[in-house]
Amino acid sequence: MLDVVTLGEAMLRLSAAPGESLEAAPALAVRAAGAEANVAVTLARLGFRTGWISRLPDDALGRRVAGEIRRHGVDVSAVVWAERGRTGLYFLERGVTPRGTAVHYDRAGSAFSEIDAEAIDWDYARAARWVHVTGITPALGPGCAAAAARLIREARASGGRVSFDVNYRHKLWSLEAARATLDPMLRELDLLVMTRDDAQALFGLEGPPAAQAETARARWRCGAVAVTAGTDGACLAAADGLAAVRAVPGVELDRIGRGDAFAAGLLWGALDGDLRAGLRYGAALAALCQTYEGDVAWVTRDDVLALLAGAASRTAR
Amino acid sequence: MLDVVTLGEAMLRLSAAPGESLEAAPALAVRAAGAEANVAVTLARLGFRTGWISRLPDDALGRRVAGEIRRHGVDVSAVVWAERGRTGLYFLERGVTPRGTAVHYDRAGSAFSEIDAEAIDWDYARAARWVHVTGITPALGPGCAAAAARLIREARASGGRVSFDVNYRHKLWSLEAARATLDPMLRELDLLVMTRDDAQALFGLEGPPAAQAETARARWRCGAVAVTAGTDGACLAAADGLAAVRAVPGVELDRIGRGDAFAAGLLWGALDGDLRAGLRYGAALAALCQTYEGDVAWVTRDDVLALLAGAASRTAR
Amino acid sequence: MLDVVTLGEAMLRLSAAPGESLEAAPALAVRAAGAEANVAVTLARLGFRTGWISRLPDDALGRRVAGEIRRHGVDVSAVVWAERGRTGLYFLERGVTPRGTAVHYDRAGSAFSEIDAEAIDWDYARAARWVHVTGITPALGPGCAAAAARLIREARASGGRVSFDVNYRHKLWSLEAARATLDPMLRELDLLVMTRDDAQALFGLEGPPAAQAETARARWRCGAVAVTAGTDGACLAAADGLAAVRAVPGVELDRIGRGDAFAAGLLWGALDGDLRAGLRYGAALAALCQTYEGDVAWVTRDDVLALLAGAASRTAR
Amino acid sequence: MLDVVTLGEAMLRLSAAPGESLEAAPALAVRAAGAEANVAVTLARLGFRTGWISRLPDDALGRRVAGEIRRHGVDVSAVVWAERGRTGLYFLERGVTPRGTAVHYDRAGSAFSEIDAEAIDWDYARAARWVHVTGITPALGPGCAAAAARLIREARASGGRVSFDVNYRHKLWSLEAARATLDPMLRELDLLVMTRDDAQALFGLEGPPAAQAETARARWRCGAVAVTAGTDGACLAAADGLAAVRAVPGVELDRIGRGDAFAAGLLWGALDGDLRAGLRYGAALAALCQTYEGDVAWVTRDDVLALLAGAASRTAR
Amino acid sequence: MLDVVTLGEAMLRLSAAPGESLEAAPALAVRAAGAEANVAVTLARLGFRTGWISRLPDDALGRRVAGEIRRHGVDVSAVVWAERGRTGLYFLERGVTPRGTAVHYDRAGSAFSEIDAEAIDWDYARAARWVHVTGITPALGPGCAAAAARLIREARASGGRVSFDVNYRHKLWSLEAARATLDPMLRELDLLVMTRDDAQALFGLEGPPAAQAETARARWRCGAVAVTAGTDGACLAAADGLAAVRAVPGVELDRIGRGDAFAAGLLWGALDGDLRAGLRYGAALAALCQTYEGDVAWVTRDDVLALLAGAASRTAR
Amino acid sequence: MLDVVTLGEAMLRLSAAPGESLEAAPALAVRAAGAEANVAVTLARLGFRTGWISRLPDDALGRRVAGEIRRHGVDVSAVVWAERGRTGLYFLERGVTPRGTAVHYDRAGSAFSEIDAEAIDWDYARAARWVHVTGITPALGPGCAAAAARLIREARASGGRVSFDVNYRHKLWSLEAARATLDPMLRELDLLVMTRDDAQALFGLEGPPAAQAETARARWRCGAVAVTAGTDGACLAAADGLAAVRAVPGVELDRIGRGDAFAAGLLWGALDGDLRAGLRYGAALAALCQTYEGDVAWVTRDDVLALLAGAASRTAR
């Protein structure tokens, strides 16, 4: 039995070195990445049993994506292998202030975007304690949206719990389309995560993050709602009231994946029955994640606990 | 006025180092490449005025493709810039005997595949002495096929000459589809180029390359037909009879682009009014091309002439 | 239930680029490798369920080794994690004729070398259809030798079959020590593999490989014995007589791991009940393996079958 | 007709990675760069038609320099190709506080340093709306100085406008020599650019940048004078009075080329008839330029306008 | 006659790029490094005649270590070459706040750890004006401790002076073991260096660095004691009273080796008879050292003096 | 006292990777190299005490050249450090058949080319058993020619022996100029080395290498003359008659430096009093040298002897 099952697309990330333009970089570093897979990877690294459902072409690039996720210990046995189709890509040009990070998606028509919910082994999902879904999946196509909705239904039907990270991507769909699709999905979640900006722009939630979280919790009757605010930290509204955490200060070497690391931290707490601890885990994981190239935080449970215990970021030797 | 105008797609080529699998390579080298652009590049390097018509997205990847082609001196002012659309890609895993070179196309839905002949500046094409087309373009979509056909018509109408390189790609279309589309395009060309294998498989031309070339010349009433046979060299059937050239022996460091280099050599001869010389230029350029990583032969006219003059491949110092 | 379980050490391989000396290389490529793990990886890539038993330090280097093996699908849940100890290493300087490949082991005192058979989950091993052992493991220390011997016993006791690859390493132990330890382990194996040179030097088996294989089969009463002879191919002596296979010609880009690829091919045949087919699979896998940097042949079952079916090593596009 | 023509040397820039010493770096990154070429490149990227006059050896290194500049769309048809001579070089060791950036010129005796004004196609220059010259060119040799002076005369004679960037380089000549040569060249320019430090050290202009700019404008009867002051921004004195711009804050990943980017921004404004806008463009381009490795700011007109419009430097996805 | 002789282990340093995990880095940069060798290298670069005594295996890795140290001008003729044994290693994962730098030692059982004082050419050491020892050497084994102690005795007996840098490494030994071994070695040194943290934790020296230095000087009757306090600078207690220096502010690109650079600066002053100048040299060298990848500060005497003279860290060109 | 002293220029070698054009390579590998320094390096690696006299600028590039030579153990204390001047460079594009290796010298005006014989410490040279000179040095300038001639005179006056490697470089001077300068230098050498081609083209020596060597020995009254003939091996004419050696077959990964390795092998024999052995050493070293990137053969005496003893170029493990 798995602790957490996620469903989503993972892409190949092709990134230029800092200071290099995509227009000129002689080589691009290749890594596998995707919001839901990132969460599964982080939780696997922390010691949880996780599985990732997706659809990939049965070729070298598809095998690469699955292999890079599996190396961390995520179970990929429920991936649907497609005879045809492409692997989604994203090209990344790293930001250097005042130049922003540029994410150039090239994922249209991917094997995942054509996933058919009927092809998924739902027994696999039903056996999980928890399922995690993000708002990216419904943006990728009707089959994807159906699969995400079905995953939530299956989990509920079998007594599993459900978390959802809104993750609005304006390059994938409009605010209107996202709102219409996502709003009904947010009802009665065990854990809902969104950014302050998404809360405001997508759902009209005003006020500081704490207020947004409380309003959201009431509106969708969720168990808990976390609203993240970047360097301003994050807030959590739950049955036992409000909690907040400051962002852990640090260098932003590569910000991609930070939100997924935060969500994984929250889930760690949730799985351990201590969401407030999860808020702290999330803040630590987000800060650690952005010190690594790539979406993955190459850390262990001990690394996170040591950071939270105040171990100075000194040279250990 | 330009000497040669070509029309076709150029892609980003993402290649793993020799000995690396696409499933594992930590980085991929990036270069721009495409059969027609390769011909334009080589001819520009040889001193001819060349132009390349294409369609690219107006983003960093599209600008990269155009910029890499322009650096050699090819005029790219007739490229159609698309607000939307993707840049075609191909992933390349280099062959090491007995493992073959693997070309993994990811070009479906590219900006070029949606080109509309009406958007092209046909005055530009009409002003060229010569136009060059390949059989890849018609495989990429109906708009592409229409543009290729129109380019040939426009050239003829304005007194330009026309060459065509068959370049069958089985990953793009079936033999049947290719035959149906390409056969009518081959009529009355000034110069037709094809491989021995394509001659046989696509058009049923039997016998040795010389016989294939003569049969093809008669069937389509072309000015000249060249049939290439890899390490067995190439044959040319023209009004003044048959000619043959041996392949120039050498190391096959990266075979992609070799055929385009050969075609460029033939065109050099054709533009100079000496197709038999072109056959020798083609053999030399093909051998030189495969000594470079990437599709481009980074040579000059002098390098080709020196090789043909028998200058030993010794260290010059 | 797993198809094949292996036990052995995997190291980090630190290799200089071709043409670089270990005395000067500015950087070393890092990969995980080890004879038994290589076999498990290849079989997993071919579609078999495989597991690898080992002992690794619970640190970044140890996790790396396990992760790189797991990415191919090998189950690593039976790895024993050590609180202390080092990860074995080997430094590799690639050979260029007439300079030989130099393997510089730095594996003394590794976590694996201190493995205790009592710490291993023998239920795990007993559940496998087949176990695979090599002569490297007994060379690494008394605990290693005990674990290898126990694995064979457990397999037999539970009805599993056993293969053994002699793999003599003169940098690890003397001929005398190896002979004394290995000779008794070779009795009544289902499949025994050794090189022509090891057959002669270690066990005094004279004559051509076919004769060596037959003599060995009789001496140790094995089900089948394969003797490999590099570019001269390999011979198999089994109940149904002798079989031979020629080496598949090709470029030796990186010879390390070739023997393990051959053994994996034999096991593929053995698991499918067709050892003679395994001989051909082994020859193909060995040739493919040496076209990749690193110990791993990044191929699929289809790649091997295509090579054996005579598909030319041409560019596929 | 070209919008802007520049004349100057471009070199190969051989740069060590950050943290690497030139005394030890195993490899050096290669790029083409030169102050005037940088301006032409940036303006071409912004959509202006620009041309660059220079002299390069007709060999691989010379072709490289021209090709890298041409890829951005700069016309290089007026480059004089020399049968003999070397390509100027500069070695770059990146600064890390408190260690300064070290530029190690190796440009003596370059093909450009031996340029003969008679060999230049002055019709080409006369056809431009604007010519741009820097104080580096006169430092490189008498022929260079003559060519720079002639370019200014030709532009004026044909109704073109003239800008001049002082760019004092103490490694090329003394303050005295620079002053004697440059002072007479600055008269009646349409646009003069210099740093606060050069204004003071070379020409004795005291006071804050605004005062320096006004004094300079009066002294040399220029249309407009811009004085740059690094992180303190820049001031412009023109017929309509004084204007100032703050530096756009950001990370200084590679400061080389920043001044050229600023000058290009000013010219953009000048060509559009709005020098005050040019001051803002310059500040934005300078900040963007130093976020890229190499002298070139790989940006588009839209990138600059977005930055000035206050678009947050956030991840776009 | 040499100015300074040191004795200690140098290792190969295998470092991942910033942002890369040791668990995933595809390649590791290789450099030679060791505290005492670093001091010898820096002093050689500054113009002093230095020698380094060590023990290395006579293989490619051992030769590499010696060669990299010799390239700076350090005499390595007194290195003891071992027929067997390994070269010590350390793996380095660079810190990015809040993630600390991780030094993963793999030096147990190195050739140096088995050094026998009898194998050392003590005449070589006796001929030096000054010997430098660190507290790392006694941690590496009894032979190492004996050799360090003997070096101090030999120097004293022949009129040489002695410096000692405490350099406690908690991954090598406990506080208790270090205290017991090091305390008696600190008596009557000419120069003792330690960090504020080591002073407190190892020897119970309380108070600010100045107080620690004075107490230490009295306790062990040393000529001079320097206590370093990272970004808080350093203090020196000597016969002529107390002196302090502020840390030179700068970017911490790679902190490893900074302490050794500081010690080398102090020794420079000591050799010139001006320890207070040495304090400033040390501060400058420490700041410069951490701007380079690797343990070595690739600077000259002029670079240090220019920094101290207030030369701005500007681009020099 | 040194065994061998050489005098010559060493340059920075900037080489593109195989398959890369100098016109496009994104980075160039940097190494120090020069014919005489290569000989000194190889002999030092073989255990001889060698010194190298040269002139280098006192900057990072000059220090780099000296440091890279010193790391092998060559004494560089007699290098003359120039306050001004440049380090000679050569750009290298690796040959791939039929494309030849291209050496692009950029050494005009180097610090070495302006060497003044008076600035050299001739006592240093006089103390050597043997001096080695090549025909490159006289080509670099009159001071260089004077220094080379003086070195020969000084050696003779002090009883040292002299070897000379003709090494004609057509990019440096004409056949006529070389002949006029070199012919008088060849008289009464202890060892003269030249290629078959130089023997014929420069000095009109006809016939096979053996005849060329005998004629040369008689003409210039040399102790011994070796004539090399690439893959045809080499011949030696000496007092005890003729000897010949076949080339050791192998892969030509990087041919630059092969001739210097051969000369070093001959000198090894000469220093040991066995020139015929030297012929074999030379053949082995030449073959080994071309298996390494760069001019240096990273081998030891044992490696050479093992190759000559017929040790198979197999993997050692």
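Order of writing sets the chain letters: A, B, C, D, E and F. Residues in each chain are counted from 1.
As a convention for this text, a contact is a pair of C-beta atoms (placed from the backbone, for glycine too) under 8 Å apart; a residue touches a chain by one contact, two chains touch by 3 or more.
All values reported here derive from a predicted model rather than from experimental measurement.
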Min route length, chain touch network, subunit D to subunit F, equals 1
Quick one: point me to the chain whose Cα centre is farthest from that of subunit C.
D
Between the pairs B-D and C-F, the one where more C-beta pairs touch:
C-F
Indicate whether more than half of the residue numbers at the subunit A-subunit B interface occur in both copies; give same if so and different if not.
same
Please compute the C-alpha centroid of subunit D, do the same for subunit E, then give the distance between them in whole Å.
45
Indicate the whole-number Å distance between the mean C-alpha point of subunit E and the mean C-alpha point of subunit F.
39
List the centre-to-centre spacing of subunit B and subunit E in whole Å, with centres computed as mean CA coordinates.
61
Give me the residue numbers in subunit E that touch at least two other chains, ranges are fine.
21, 23-24, 26-27, 60, 67, 102, 298
Using the touch definition from the top, list the residues of subunit C that touch subunit E in their complex.
14, 21-30, 59-61, 63-64, 67, 86, 89, 91, 93, 102, 104, 106, 108-109
Applying the document's contact rule, which stretches of subunit D touch subunit A when the two form their complex?
248-251, 253-254, 287-288, 291-293, 298, 303, 307, 311-317
Going by the contact rule set out above, which residues of subunit C touch subunit F in the complex?
17-21, 23-24, 95-103, 105, 169-171, 255-256
Please give the residue numbers of subunit F that touch subunit E in the complex, ascending.
60, 67-68, 70-73, 298
